[in-house]
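Each chain gets a letter, A, B, C, D and E, in the order it is written, and its residues are counted from 1.
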Amino acid sequence: ASERDDSVLIVGMELSYPPFEMTDESNKPTGISVEMAEALASRLGKELRIENIPFAGLIPSLRTGKIDLIISSMTRTEERAQSISFSDPYLHTGLCILVSKDNPATSVADIDMPGKRIAVKQGTTGHIYTTKHVRNAEILMFDKEAAAALEVSQGKVDAFIYDQISIYLNWKKHQETTRALLNPFNEESWAIGAQLGNTELLGKVNAFLEDYKSSGGFDALGDKYLSEQKREFKELGFPFFF
Amino acid sequence: MRLELKSVVKQYGQQRALDNLNIAILDTSCLALIGPSGGGKSTTLRLLAGLEAPTSGSIRINENEIGSDAAKRNAHLKNVGVVFQSYNLFPHLNALTNIALPLEKVHRHSKADSITKAESLLQQFQLFEHRFKMPSQLSGGQNQRVAIARAIAPDPDIVFLDEPTSALDPEMTAEVLDAIESLVEAKKRLVIATHQMGFAKQAADTVAIIAGGKLVEVGDASQVIDQPGTERAREFLNASLKF
Amino acid sequence: MRLELKSVVKQYGQQRALDNLNIAILDTSCLALIGPSGGGKSTTLRLLAGLEAPTSGSIRINENEIGSDAAKRNAHLKNVGVVFQSYNLFPHLNALTNIALPLEKVHRHSKADSITKAESLLQQFQLFEHRFKMPSQLSGGQNQRVAIARAIAPDPDIVFLDEPTSALDPEMTAEVLDAIESLVEAKKRLVIATHQMGFAKQAADTVAIIAGGKLVEVGDASQVIDQPGTERAREFLNASLKF
Amino acid sequence: MSIKSIFYHAAEGDDALPSRLSRYASFFLAALLLSLLLYGSFAALQYQWNWQSVLRYKAKFIEGWFTTLKIACVSLIFAFLVGAISALCGRARFLPVRYLSTLYVELIRGTPLLVQIFLFYYVIADAANIQNRYFVGVAIMAIFSGAYISEILRAGIEGVGKSQLLSAKAIGFSEYQTFRYVIAPQALRSSLPALAGQTANLIKDSSLLSIIAISEFTLNAQEVNAITYSSFESFFPLAIGYLAVTLPIMRLSRVIEKKLQFDT
Amino acid sequence: MSIKSIFYHAAEGDDALPSRLSRYASFFLAALLLSLLLYGSFAALQYQWNWQSVLRYKAKFIEGWFTTLKIACVSLIFAFLVGAISALCGRARFLPVRYLSTLYVELIRGTPLLVQIFLFYYVIADAANIQNRYFVGVAIMAIFSGAYISEILRAGIEGVGKSQLLSAKAIGFSEYQTFRYVIAPQALRSSLPALAGQTANLIKDSSLLSIIAISEFTLNAQEVNAITYSSFESFFPLAIGYLAVTLPIMRLSRVIEKKLQFDT
């Protein structure tokens, strides 16, 4: 409902998901998605502006035209696709589990039992997965990732389901008290979001992703931000998504 | 001053404070309202001052009918000074400001003039040293004197005083009497509700006795007080001879 | 009742309300405090009632030294009734409850007894029909009578009355005088601050004149009022003859 | 009755309520104006409503609403208790108790509820080995709202005139009796609007308990929002659900307020 | 001076402040107690502090703190304006205006700020074509807090005794003058504690503006929390940052309150 400067590309993301979307010490946006957005903007010949919007505010912002695109590690889902359009996926990952140290569980089936409690972060694919597939355990929704991890570490819940990299990082933080099951038990893909019906922009985005992948842009970013994780995953013998 | 109340009724909820009150006075410079407690003196005073509207009936002061019309009542209020039975100074202002503020804001005196005027009145009532005290820090009589000073400060045409000397010692009462006399000389008019017959007799030229919300007797001050015409008035006044 | 105030000083901020006050009275059943406005009557009354502590000096009533010790003051307060100059009824309670509540809660009467007692006092002061009114709905004199009724309701040993008749008409004043006489007959003791010399003379057996926070004269009521011994007292009392 | 006289309230007798017709007509006019503003805005937005997907989750709304209500009710009772005790402690003779009350009120009112919930649940309750999150949630809300109620009551208590305290002393009331029969009724009367407001706040603030995974009204609405991506559709039931509780409370308080009115 | 007399405040002369020694010693004791409680809980938790990683982001905290402060200051001014106007409108002769004020106060106080922000930013501001989010943020906070301030002022205004209004009328004060010289000073005095509290609330509530991407204090702290994977380390600066503003406000209000005291 508003006129805007055409020479600026406004990208919305929640800058609290390292190493994809975050800020550096001087409060500047940085991370994999940010560099991606920069590349995309220069490809479109536009000036980039990043809006730091909490995850829940991203889709409303897009729908009311306050931003042009969402690049915020957003998984493409059926339900989201009814509200916004998604580009081709640019990254495939999967859900993993954080359990407490003395929990013998090895798979989702082990924790989906009566009397068990599973923590998820509200609005994430972990949340969507559990509401669809978890039958027996009680699901607890959290607003903050840190809270969910703390719950596992204090034994208040049995497991925390989230994506691979987050589970890994949370486990690093609570190594004494938790254990991570880093073998993804499902597959999902991240994509860039645009307004419904904005096929023109979406086409340009898809073309950019194609080129970016083939020209090794993603690999370079992986080496820059995730080299340590990559190495550790190799040592631990888990598949790494990036 | 001509005063005329015609079948005035004032009803508070269940309570009929004035019950068909009729008073007609052709000319008076100082009217005293006397009568038993709860008889309706304060209510009559509030109505005459234009602070409240009667439930029914008409009230005429000189040529103004102030009973039914809010605008007229408000115009009337501007030329009037009132002292309530319970002083009613503003608790958040000191004695000096209580007097000076209305002068400055309502009567458009300059600030300096207002203060000078207030100070001279405080002096007259022997309150100068207490001028910066808040009402809660003043004695009963001091409060009352400030209230009187506030009422007469803007030189109103008519001053309404409800029990103005109840908290005053005889010396201060004499002082107030002097003030009243000089007001009368300055062609101001007064209506005073009081329990002190001696004071009423000296201050007023006309006296009205009100009891049970009705007029009992009205007439020349010394005549009504010394030779009351009705049984009820005689009864009431006899009691006052005791003191 | 024996009363002894020795070099009593009461300081309010800058203001010295009582300035080395000395009074010694060997026996009195009803003491009247008179004197000019702002002289210190109310302050003396508050100190004698044990409501405030003196800044310095000693206060002795009968055998009790109540000046310095808070516990003693509070014990003293239980046997005492007080009427303030500005009534001070509780604004959120009606007339009846204002009287009955302390009877029930402080003096442990049954609820029914408290109400009966309160009602009979209201009747005595001709307030029965007004018993359910809130203080703000009562006339000045009605308020004052409720306050007196509240003070004497629990049959206290000593009653302190600050200007108890200031808002009362002569008839009601006579009523209060009767009440005081019957209290004295019942061996109760009273201290009254008043501006009405006639009332003081009839009610009290002893009179003390206080001015400027100091004692001017003390003695037998009719003697002090009719033949004052000091110049200041004569001056003060002369003014009162006017009314 | 002229049109003017319908909408205008006479200057005189300000106590008297305007006539029923006047009140209804005026209220209607005011409500109409507001509705038009909202309607116009949505029309300008050209928003495509999608109520179906939200409606499917109505059980979630209802469930969350009841959870919020239950938590709020229980918290409220304790909050009043805590607040009253703290207000009393603020007048204690033993000074450390007095300062403890001040510290409590200022620390709680001065810091975000979010931080308090986190600290209380993950640190203090954990140390005390209290596991039930609903229990802890109620405790936190009681402690949080209690600080506000304490301050409201303090203001009410201090508003009672000194002359009345003197009067109570003269009558022989003990400190407790003075409090019970003189201070409390008047303080309650004068703090009523603030207390009603605080109750409404408690109900709304309890939504922050979502961060310790208490599935109350706001969390559930946001969850529906997160699932269906229909922001406005889930916010309307949310607003109406809260109004359904808070509005009657505020109205009730006004009625009681009018009833308890007395003049000082 | 015995130990008892240090910690006990004499019954007499309740107005008199306790001695300086008493106050400090008592305050210290109270603060000590609270600190011990917190310290003990953290000790039981055996939490491994990691201040370094949080400290690296201190620029973020500082920046957010200033943003919050700026928004709060500007909002506060407008909130007072809105609140005062609404309180005045609540006494208007023209009844629809009166009900508009009531509706405004009740709708705003009755619904969650979150919903209001959403509605206001994405619908109303959008329809009015206002794009600047800081501008909208300030407007929302002013409207939200204004409703609370309006209610606080209303209570204060209604608390002024009727006898004083009569007195003002008798003196010849116009309605405006009565308001200006009699009602306002007394109402302000009696609403001061509530106003200070509301100011503190405004500062804290502004944290919800994060959902429209205003990078204020709380949002920044939570981002640091998420980025550094720390649980508690970023909450402490948060609490202290808010306290640094709210505490002085509450203290100041108490001082002014004492100064303006008068007896009715």
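Rule of thumb we're sticking to: contacts are C-beta pairs under 8 Å (C-beta built on N, C-alpha and C of every residue); 3 or more make two chains touch, one makes a residue touch a chain.
The shown structure was predicted, so the numbers you read here are calculated from the model rather than taken from an experiment.
S.K.: Kindly list the shared contact partners of subunit A and subunit D, in label order.
M.R.: E
S.K.: If you walk from chain to touching chain, how few steps can bring you from subunit A to subunit C?
M.R.: Tracing touching chains, the least step count from subunit A to subunit C comes to 2.
S.K.: Fit subunit B onto subunit C over the CA trace and report the rotation angle, somewhere between 0 and 180 degrees, nearest 5.
M.R.: Rotating subunit B by 180 degrees superposes it on subunit C.
S.K.: For the homomeric pair subunit D and subunit E, should the interface be classed as same or different, according to whether the shared residue numbers exceed half of all numbers used?
M.R.: same
S.K.: From the mean C-alpha coordinate of subunit B to that of subunit D, what's the distance rounded to whole Å?
M.R.: 48
S.K.: In whole angstrom, what separates the CA-based centres of subunit D and subunit E?
M.R.: That gives a centre separation of 15 Å.
S.K.: Would you mind listing the residues of subunit C that make contact with two or more other chains?
M.R.: 86, 136
S.K.: What parts of subunit A, by residue number, touch at least two of the other chains?
M.R.: Residues 1, 56, 60, 64, 144, 147, 150 of subunit A touch two or more partner chains.
S.K.: Could you check subunit D for residues that touch two or more other chains and list them?
M.R.: 10-11, 44-45, 118, 122, 126, 162-163, 231-232, 263-264 - these are the residues of subunit D that touch more than one other chain.
S.K.: Within the complex, which stretch of subunit B touches subunit C?
M.R.: Touch list, subunit B to subunit C: 12-13, 15, 34-39, 42, 85-86, 130, 133, 137, 139-142, 145, 162-163, 166-174, 177, 195-199, 202, 235-237, 239-243.
S.K.: Tell me, which parts of subunit C touch subunit D in their complex?
M.R.: Residue positions touching the partner: 49, 51, 77-78, 80-82, 84, 86, 88-92, 101-102, 105-107, 134-136, 150-151, 154.
S.K.: Show me the residue ranges of subunit D that touch subunit E in the complex, using the header's touch definition.
M.R.: 7-11, 18, 22-23, 25-27, 29-31, 33-34, 37-38, 40-45, 47, 93-100, 102-103, 106-107, 109-115, 118-119, 122-124, 126-128, 148, 151-152, 154-155, 159, 161-163, 190, 193-194, 197, 200, 204, 207, 218, 231-232, 235, 238-239, 242-243, 246-247, 250-251, 263-264
S.K.: Using the touch definition up top, name the residues of subunit D that touch subunit C in the complex.
M.R.: 163-164, 166-174, 177, 181-182, 185-186, 189, 260, 262-264
S.K.: Please name which positions on subunit A make contact with subunit E in the complex.
M.R.: It comes out as residues 1-2, 4, 12, 15-18, 22-23, 25-27, 51-54, 56-57, 60-61, 64, 66, 144-147, 149-150, 169-170, 172-173.
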